[in-house]
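Across the two complexes that follow, chain A remains constant while its partner is chain B and subsequently chain C.
== the complex of A and B ==
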């Protein structure tokens, strides 16, 4: 990537190959990287599907990262409070609690918007920082592992069979969260293709006055869209904490909630597009890690690549819809 | 006098799938008011846009005076002495008149000089206008004056006016015509686009008639009857709406003490509106747009909720019901703004049909949309109301204004509403389509419905309505039997005076 900027094509090609090709097909990396693809793509897709529902209606939930954190805290709390009892009902209860946590966190900007006309972009974004502070607090306090010798962080749910979000197929990366993400893609596709609610969301985004004329209540649309996106982000957080991450720690969140915004737009707010964009974005995460390892690139370089993806996508939209004009007409 | 100002020679312009103009030739002389006539989609706007430099012809040539003329952009056209007043004004509500005019100029002078110039021009052409007033507070007629003065300051040779009288009161039309005649005396030419044949016969010296992109004839309007001109436009004879005498039944819609404070800074508050409409009656509400028409429609459609008993249907209070709940009991509305309000621009006709359909035959109990049935409904609207569209999957925005209006009206009327409220039903629609829409409103009323028609087209109201009142400044006049009113009476009503009539009849 940087080679390209300097005009050195062979090293640019090498970097691109390292990010987009080697994780899947180089035998040194593939065995580790292939399952990771689904592990990373799962939560991103799940969150992005939720966000796209709101984005289509012109409701901008930017705070999925916070809803993701709250989902993880709520879900993990259920498991940690029941430890060490074993029951088949524990995992489903955690999923519900995770969804509820994200839902409640997203409902705050939604209700403020409905009743006080606040801007949901600002409120939901600021709530991310509140969520991060709650996360820091509970990982040192309420949810701290009593047997952890005073170190911050909760018990590891990987060691708690009833609560562990295990792989459905061994070494595939396919855990329950990934399955849920695929299910969400299918349901969202159906929602916008055939269902009244999807139609209402689309018309509210396309022509708000026409939606109002049709009898669609804007407050209900706001609450539904924010609630759904929070719910899915919360579930993503739960699946992550119960699976790949295993525990609540101060550095639990890794930016999936923000990456999902890019993925939603990269997928043109279309569920199938989001599926593909999510896989691509997961690849840049993994490829980026390999590139950091092999080329000694700084960690921020992969965020730069992701940012550039969104930037050029938006630029493409500008140039397909508008054209340059000389001054003076 | 016979000096040719603009010569159009074999102008053709195609868009994918459509030939908008096909070898159109005509000429405009200096000091002539030249009418350009045709139905919606006949190619008038395309032709005018090419003269004004917004588009370039595929073939053919234009000559301005003795020079070849092919403006590549509007500023070039303006430099050559061509000015245009658009049907839709491009003015900023929050700026004053002088600031708005300065924004549209290539090299605006100092504000104080400009104000002086505006006052001089407005005096000499009989267009009273205060340069310091906010545009948001002006009536439609005054806004048009802003646009005209903006054009006149450039001292044009040819002034193009697109549907200039569609938003004006009869008095404002008179003022406008005096101005146009004064311009003509000065040797300026005017290209006048309109549907209103009577106006064209009154003021234009020559008319060119377009149909399907071709020039199909020309005439001297004064010596040709409106019927003959109309038939040239549509290529066939059409009948004006026939009204059967209807017997009115019981009171169906009753509005009492309706007052609404507007939330829009430039909106109009409604105060104490009272009227009722009987079964079979068409109730006409005249007055210039911006006097509370939009607010009244949204109160009746349910977009603006009021206290329950201010609006009643068959004595059932409905003021609190949402638009879809009102549709369920048979009350439907069609707002004035077609794109963005009555229809979603980027959505297909099928999806737009769904905007006002909520019944079980299109959406099942699980909320699944039965698209086959919606498609059938759409097909029905398109065929019954002669909506011209390539497919049902075309976006609403791709239809011409008249066709979309037929779609919007048809969508509501085919549901056989008991109460139908419509705002500006034939605004910007050609004569044949307007006649069709009016006829379907009449038919609806004779099928035991009550209809409220809000319109600024007085001829239209006189053609179809039984009862008439005027909405001025958010207040409504008493209602009168339309047959008892003379045009002076209407003028008085529009001026806001009720007193003289009150003694004469107590309708």
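== the complex of A and C ==
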């Protein structure tokens, strides 16, 4: 990155190789990085699929990060209240609770938009800051590990077999959340391609007036889109807190809710595109970690790289909005 | 003037300082939205202004250079947004979000070596005579130049928008882009300039956080101020003086909750810290209930002369 700024081509090439190539193909990193690819891509894809449903309808849920946090808190609360009982039903109950948490949090901006016409961008975003404060509160209070010697943070769910979101295949990074993300991609694909609801959503986004006159209820569309995106974000939060993160802490959320917005656009709001964009974005995270380690780049440079990626993609709109013409014609 | 252990003079004077960054960013964004463009990148431009302003102020030890450079940096970053949305016609929401990401990343990257340094002090200007008035003097008339600048800027924007030809053209472009184009106004050029103005004021607002309010540089230090500025524009129904009112209300809540935390009121810290955001939501609902919807007609609609 620095190289790119200074115009030093070879070091820029080295940095790009370190970020995009080495995590997958360099034997020093691959054994760690390859499973991480799925671990990181899973939640991002899951959230982005949910967001893309709303974005297609012109409903801008920017607060997925908050829904993700609330999902994690709801899901973890179920597990922590049942500890140390063991049952096969606990994990499914956690998933439901997580989905519910995200759903409720997303329903607030949705209902406010339906009944009061408030701007969902601002409300959902304000709720992220509220959620972060709730997270800080519960990790020091309600959900704190009673055996944690007063340190903030909940019990580690990795030590609680019934609640642990374990890998399905050892060392693949493939946990239940990743599987759910793949399922969500397939379901979203059919929603938009085959299902009437998907068609209605697209109409509502592209021609709101036509949708209205065709009897598509805008309020229902808003609630469906916001609800779905919140539901998926909440589930992503639960899978993260029960798996890779393991515990509710003040900073367990890694900004996936915001990255997912980029991914949704990078993937052109297309489920398959989002799948690929999510994997690419996960790669920049891992490559970024390696670059931090090897080149001493600050963590935020990855955010810059991700933002630039989005800009380059948005700039390609020039090819859809304009046509090249030779002089004669 | 001490009520419940809170000094009212200090509270109001702190309120004005706390509100200034958001006020500056919001008044710029109000102009941008008046021209029919929704720039969600305010947070990114603010944080870039914060870091650039800090770097130049620390290196020159002259705060005013910091503010000028912050304005330039904010405007330059907004050019990126302007080119993408006005010429390439990309989606304004996505581009604005991208701008925020880029701003947060860029600022953290270039600000790394400056963490933990103290900035030069922005000196206060005691307005002669007025600052000698008891209570009101120390409350309102002994601030630094940027606080006064922000209020003058609001007055100027209010005047220009409602009373001058430039303001009329700006509003025409924002209300009905096709009609403005038919009248021969350069829609894209006017919007481009409005976006740059918004970038510059957001930059100054950011620099005020890192140079006066905190005064230090830490990564991500704007902490959502840019988003609150966006909410304020809606709160103000796109009217400049109401932006001022909203910013001071919001600043008041922020300062009050800090004061309540300091004197140890029996309300959990988290509830106090989330109160500004909750109040913003309540206010947004209130505005929708009782206010008029006066959003510029062409807000966030792309424009090309051929369509």
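The rule is simple: the second predicted complex is superposed on the first by the 318 of 329 C-alpha atoms of A that agree within 3 Å, B and C clash if a C-alpha of one lies under 4 Å from a C-alpha of the other, contacts with A are read in each partner's own complex, and residues count from 1 in each chain.
The working rule: a residue touches a chain if its C-beta (ideal position, glycine included) is under 8 Å from a C-beta of that chain, and two chains touch if they have at least 3 such contacts.
The model shown is predicted, which means the values in this text are computed figures rather than measured ones.
Chemist: Taking the superposition as given, does A:104 touch the first partner, chain B, the second, chain C, both, or neither?
Modeler: neither
Chemist: So in the superposed three-chain picture, is A:119 touching just chain B, just chain C, both, or none of them (first/second/both/neither)?
Modeler: second
Chemist: Is A:130 touching the first partner chain B, the second partner chain C, both, or neither of them?
Modeler: After superposing on A, A:130 lies in contact with chain C but is clear of chain B.
Chemist: Kindly classify A:295 by the partners it touches after superposition: chain B alone (first), chain C alone (second), both, or neither?
Modeler: neither
Chemist: In this superposition, which partner touches a larger number of chain A residues, chain B or chain C?
Modeler: Between chain B and chain C, the winner on chain A residue contacts is C.
Chemist: Tell me which partner A:215 touches in the superposition: chain B (first), chain C (second), both or neither.
Modeler: Touch partner of A:215: chain B, not chain C.
Chemist: What is the contact status of A:196 with respect to chain B (first) and chain C (second): first, second, both, or neither?
Modeler: First partner only, chain B.
Chemist: Using the superposition on chain A described above, determine whether A:206 touches chain B (first), chain C (second), both, or neither.
Modeler: A:206 sits against chain B, while chain C stays out of touch.
Chemist: After superposition on the shared chain, which partner residues are touched by A:250: those of chain B (first), chain C (second), both, or neither?
Modeler: After superposing on A, A:250 lies clear of both chain B and chain C.
Chemist: In the overlaid three-chain picture, which partner chain does A:310 touch, first (chain B) or second (chain C), both, or neither?
Modeler: The second partner, chain C, only.
Chemist: Under the contact definition given at the top, report the residues of chain A touching chain B in one complex and chain C in the other.
Modeler: In the superposed arrangement, which is not itself an observed complex, chain A uses no residue for both chain B and chain C.
Chemist: Using the touch definition up top, name the residues of chain A that touch chain B in the complex.
Modeler: Going through chain A, the ones touching chain B are 194-197, 199, 202-203, 206-207, 209-215, 217, 328-329.
Chemist: What part of chain B is in contact with chain A in the complex they form?
Modeler: Result: residues 73-75, 301-303, 322-325, 327, 335, 337, 340-347, 351, 354-356, 358, 363, 367-369, 371 of chain B touch chain A.
Chemist: So in the complex, which bits of chain A are touching chain C?
Modeler: Answer in residue numbers: 1, 60, 62, 112, 116-119, 121-123, 125-127, 129-130, 133-134, 136-137, 258, 261-262, 265, 297-308, 310-311, 314-315, 317-318, 321.
Chemist: Which residues of chain C touch chain A once you look at their complex with the stated criterion?
Modeler: 40, 80, 84, 88-91, 93-95, 97-109, 112, 219, 224, 227, 230-231, 234, 268, 270-271, 273-274, 277-278, 280-281, 284-285, 287-289, 293, 304
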